[in-house]
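Starting off with a structure, shown below.
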Amino acid sequence: MTLKSRFATGGVLALAALTLAGCSTTAASTTSSVSTPNKVEPLVLYAAEGYDAVMAKAFTKKTGIPVQVDDDSTGPLLTKIAAEKNNPQWSLLWVDGDTAFASLDKQGELLHYAPTASWNTVGKTLVPLDNSYDPTGTTVMAGLIYNAAAVSSVPTTYQDLLGAAYANKVGMNDPSQSGPTYPFIAGLMNQLGGQASGIADGEAYFTKLKANGLKVYPTNGDTLHALETGQIDYGLIQSSAATGETIKVKPTAKYQPKVVYLEKSTLLPSVIGIDKGVDATQQAEAKQFVDFALSPAGQAVMQTGDASGDSLFWPVVNGVTPLSQLSAFPSAYQRIDPAYWGPLQAQVVTWFDSTIK
Amino acid sequence: MSTTAAQARRAADGEPETDRQEPLLLVGEAIATPARLTGDVTVRQSIAVTTWRRLRRIKPLTLFWLLIVLILVLPILLFLTVAISPSLLDQGTQAFTLSAFADALTGQLLVGFLNSLIIGIATAVISAAIGFALSWIVLRTDAPGRRIWTGVVFALLLTPSYLIALGWERLLEPNGVLQVIGWDATGLRGIFYGPVGIVVVLTVKGIPFAYLAISNALRGLGHEYEDAVRVHGGGRVAAMKAVITLLAPAMWSALAIVFAESISDFGVASTLANDSHFPVATYTLYNAIQAFPVNFPVASAVSWLLLVLVVLALFAQNRALRGRSFRVLGGRSRPAIRHQLGRRAKVVTTVFLALLLVTALGVPTFGAVAASLIDGLGSLAGTHQLDLSNYQRVISSPQLSQPLMYSAGLAAIAATVTIFLAAVCARLLANSGASVGGRILDLVLLAAVALPGIVFAAGYIFAYNLPVVNSLGIHIYGTTALLLLAYIATALPSTSRVLVGTMSQIQESMAQASRVHGSGAIRSWLSIVLPITARPLLTAWLLTYTATLLELPVSQLLAPPGSEPISVGITSTLGKYDFGGGTAMEVLAILSALVVVAVAYALFRFVAPAGWKNIGGTR
Amino acid sequence: MTVIQSSGPARELTAESRGEGVHIRGVRKAYGTVEALKGVDLDIAASQFTVLLGPSGSGKTTLLRGIAGIERFDVGSVHFGDKLISRGSHHLPSERRGLSMVFQDYALWPHMTVRQNVAYAIRRQRLGATAAELRVVEALDRVGLSAKSAAYPHELSGGQQQRVALARAIVGDPPLVLFDEPLSNLDADLRERLRVEIATLTRASGATALYITHDQAEAFALADQIGVLNQGRIEQLGTPEQIYQAPATQFVARFTGLGGSFVGKYVGDRGGYGQVRVGEHQLRCVPSSTVARHIDVELLIRPTASRLLPRPEGWPTSASENLEDIEATIVDVAYRGRGYDHVVDCAYGRLVGVFDVQAWPRGTRCLLRIEPDGCLAFPAEDRATRSNSR
């Protein structure tokens, strides 16, 4: 089939040319193994935070170190990191939740670094002893957002939600589609059964919640939509999304979103970690980035990037004031041990999918 | 006579190895068995490194196969290897194990497989039926409104399934639009949120492939076959039966591609069957990838099982097409004649088209309007006003323009390369009944579709981020070039299948006559095959362009840091609950692609020589 | 390449010198386990018109396509003149063989007009636009289609389409023209007319022609030389007269036209002919070289070799010395313009195509006389072999 295939050759050659072109540009831009002390190498930041792009810009402006941001959802980023395992290409990972970092550290992929930050109380709870990764702020799971125009009863504990007043009125996200939701489920399991008695008590709680008419929507946005349209009156979502909704929506006679925190709130920190595999130059640069993120200047930038979303975090370092729209930090909170709850994720999500959803 | 014998003799004779030609008919034999193929490839690779002069002597078809191996076979195989040898790619400690299969094979997975099979078959059959009906109405009747359908089909192709699902949701949900205007949607909701809804949404996504594949083939089919049936006493139904039989390669292409697309779906199933407990095969796979540490071995084990479904589909196709010829396109084909529809038929087709339009395009459009023109999260019950603020916000934002230009450029390059490769693939697939190579290609292409995009992209990372690849001085992972190759690989299966119908119709004598009368291979292709297939090739180009523009999973995993494809930008905007902004970006991206489609067809209409337009034209 | 170069200035040369001889040695071709060609040798003299005749599956198409370069022989060599075209893995692509071809399905390109289709074939000669245009007009003129030069193929009738294909084949004055059953898709009247055009136009161009067909009448009418193919081999190569009068094998005899056949015993030679006893009759025949005394033979009778005679009153007379005339009955009669073809039954079988200028009414009893020159004796084969070779 010469005529077709000759012609295929053309395509192949064109591709080969493209490929080669690609190779040469990378050769210039990717990390080289030999590094000289004063040489600047670009950092590769895998991030899923609303403020990651502005932070990268601010950091480059301050230090002159270029940062290439791969801004995406947490799921694809972690998939990418897992697939790159035998040859990592990232220098920094910055996403919500510490379970992934605990797992990365267990596999020896993280460079331990203790930044020169002054942690506040919450920060001290979150920082791992070995400094394998660092929190840069925290949200909690869940914020209970409710429509004050439609209902008057406001729960204070999770047990309250099992009562008749809340029948068929509560909604939450699907852990197989919403990143922050597994930490929420794990948090309740931790609170109810704990690492000693396992997940059975937590499962029993969700089963009862389901019996009381719990509704499950894919993600934060869908749960909020259900709340707006009156399909539910109470939604269990991430604190930043809940607070963001109260900022974005002008209250009406029919819809007045308000947020409360039930006992206990599970901390869902935004976490940054450094790839152990990068060369010394990049390691040094990455450490600078972490220090910058925890500095007052950096925290201020983080608070501007996504004013109705991810910027609505509570600081974990002293000397930083949270955005004014955020309510006071919930007094009853807990940190769940990522080393224990991380590995249970697949099991719990599957259970949730087949039993609760 | 075996090739090796020929080579031996050539060496003995000391003859120059020039001007060898592959006969058109024997493509299959030339490709030979997989064992030989790989052997050939390794040998050829080493030659390729040595000198250019030698490279020129490599059979062009070998180069084609080399490329197929690099962009499709290698990533897929490496991903599949993870299930049995996790340690090979650092995804575990065992060098050989079957434990991933044991972990994957739960009762839920088996139920999921059965469900996926049913969904896949139902979606494929309905899509092909609608695709055929639509092709027939648009190309063979004078039904009113038929002209808009090419545009509609491309709009469907571009419409993300999330908008389709969103549109239905907004209509049917409690306190949704239907309820607000006084319809009780409870019953409909019960039906829709489950297998029926999944099939509906996937069918809407499947119709474009089916329509493009079938209409391309129908264009090449002259009217004489229908006339023959009518003359010999067959009715209109019998004539249509004959046409369907003659279109078999295109019909099966459509069935196979839609089937494969459907079984690899997860998003639609997870959204619509969210609370109806309708697990699909990909559930286990996504769960394995969603958790951290990502469990690639289990995802890989599920992929093996998805391949079993693909093999079943191909088996059915080969049985149906075996030993038949569908070559009807040549110098003697005459343009078809449009049926003048009677009044009743006109009413029926109009109603059918209108229903299809509303279901397929109206609902997602409504979803898009609800999401992007209404502030907040799209509640209609509140005091929200329709306004364009979301569009004003994104249209001036660099978050839209830069990624859109980046994606559009990549999509255009990918489409251009892909149609050439796809033409070769389609030619091989058209002969697949006869050759081992064609069958292998068929399997590889369909496997690429049946594996969810994220898995396919992970395979790319495995293949091109290997330390050994880097140590050879090749740093292709993390570059736009690799993203482009992956786009091409992703688009190749469906583009090839859209062209199969046409390629199986071209009579071989068309190109042979050109060669015999003194034109070389390339000129023959350009002066004969290209013009005869110009319209299908244009369609295929547009298909690839539009499909690539908004491609998500591969973009997410393979886009180089610092360069953001538009789909990733949209998704991350949506992920930050900015439904309005994200959807507005999406709508603008879709409109930009539709402009490209319109310009391309207009150019063809005004610039292409009259003879090109004769083919597949209708009097 | 010499072949191509010769075609340009060839217009000034004599017709004889333009054609190119074709020499084929030991070519074989298999599709999987099926052997299409089992070792064929063939020589075609320059400017000769050769027809390859054979049933479907005999390998004639494969042979033609191999010569055209559309397919590749597994083994064997092809030379045009003394130029090597194909041997082993050396294989000149079609476009460099300098030939042209008329396809069974015409293979006109649907996106080109008649003029463009024809002009395509002389692009390789790189003539100026005016010169090329002249050649195209002339070629279309020769096939009587100059008025249709702006039409597209689908606007033409089948006969016109094949004329365009013919014009395309001769426009460049190629040294070799191949014909792949070009008349098989046409009706009888057109076939006859187009056959004449092919014969005259090709001969006038001086090209060597190779033509394949399964129709023996077509072959006899066109050929300077006929090769009869059977099961991948050439069974006989010769002039039409040689093939008809002295077929080398039963297959050749049967495939080139038979009225019928009788079974008998060979009894010896007499007066330059063989003698065969069939029932009570003794018929003279042309024995094949493999016939010997006292063996059973089959008499293959050409339609042209049988004549009808009136049956005298009182036949058969007991004292009749006439052992050659066979009593027969007219079964059917068909008007053929110049006369009538009859179907005749006798004690030894049925003969068809028995010609007479007068009609013999159905049911008439008559005598049948077989001319020895058209009566060919071959050793009898068992039935199985015979049906196989058909």
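Each chain carries a letter (A, B and C) given by its place in the written order, and its residues are counted from 1.
Following the convention adopted for this analysis, a residue touches a chain if its C-beta (ideal position, glycine included) is under 8 Å from a C-beta of that chain, and two chains touch if they have at least 3 such contacts.
Just so you know, these numbers come straight off a predicted model, no measurement behind them.
Asks: Could you pull out the chain whose C-alpha mean position is farthest off from that of subunit B?
Replies: Result for max centroid distance from subunit B is chain C.
Asks: By CA centroids, point me to the most central chain in this structure.
Replies: It is chain B that sits nearest the middle.
Asks: Using mean CA coordinates as chain centres, what's the subunit B-subunit C distance in Å?
Replies: 51
Asks: Centroid of subunit A to centroid of subunit C, CA atoms only: how many Å?
Replies: The separation of the two C-alpha centroids amounts to 83 Å.
Asks: Return the distance between the CA-based centres of subunit A and subunit B, expressed in whole Å.
Replies: So the centre of subunit A lies 33 Å away from the centre of subunit B.
Asks: Where in subunit B do residues touch two or more of the other chains?
Replies: In subunit B, 21, 23-24, 26, 515, 521, 524 touch at least two other chains.
Asks: Specify, in ascending order, the residues of subunit C that touch 2 or more different other chains.
Replies: Subunit C, residues with two or more chain partners: 93.
Asks: Going by the contact rule already set, what residues in subunit A reach two or more other chains?
Replies: 2, in rising order.
Asks: For subunit B, which residues are in contact with subunit C within the complex?
Replies: Residues of subunit B touching subunit C: 1, 6-7, 9-10, 13, 15-21, 23-26, 329-335, 507, 509-510, 512-521, 524, 527-528, 531-532, 534, 609, 611-612, 614-615.
Asks: Please give the residue numbers of subunit C that touch subunit B in the complex, ascending.
Replies: That would be residues 4, 28, 30, 68-72, 74-75, 87-101, 103-113, 116, 120-121, 123-124, 152-154, 158, 161, 168, 172, 178 of subunit C.
Asks: Which residues of subunit A touch subunit B in the complex?
Replies: 1-12, 14-15, 18-19, 21-23, 25-27, 30, 44-46, 48, 50, 68-73, 75-76, 78-80, 82-87, 89-90, 99-100, 103-104, 107, 174, 176-177, 215-221, 224-226, 228-231, 241, 244, 248-249, 252, 254-255, 306, 309-310, 342, 345-346, 349-350, 353-354, 357
Asks: Considering the complex alone, what residue numbers of subunit B touch subunit A?
Replies: Subunit B reaches subunit A through residues 21-24, 26-27, 30, 59-61, 63-64, 66-67, 89-91, 108, 173-176, 270-271, 274-275, 277, 279, 283, 286-296, 376-383, 413, 417, 420-421, 423-424, 427, 454, 458, 461-462, 465-467, 470, 473-482, 484-485, 488, 511, 515, 521-522, 524-525, 529, 553, 556-557, 559-562, 564, 568, 571-572, 574-577, 579.
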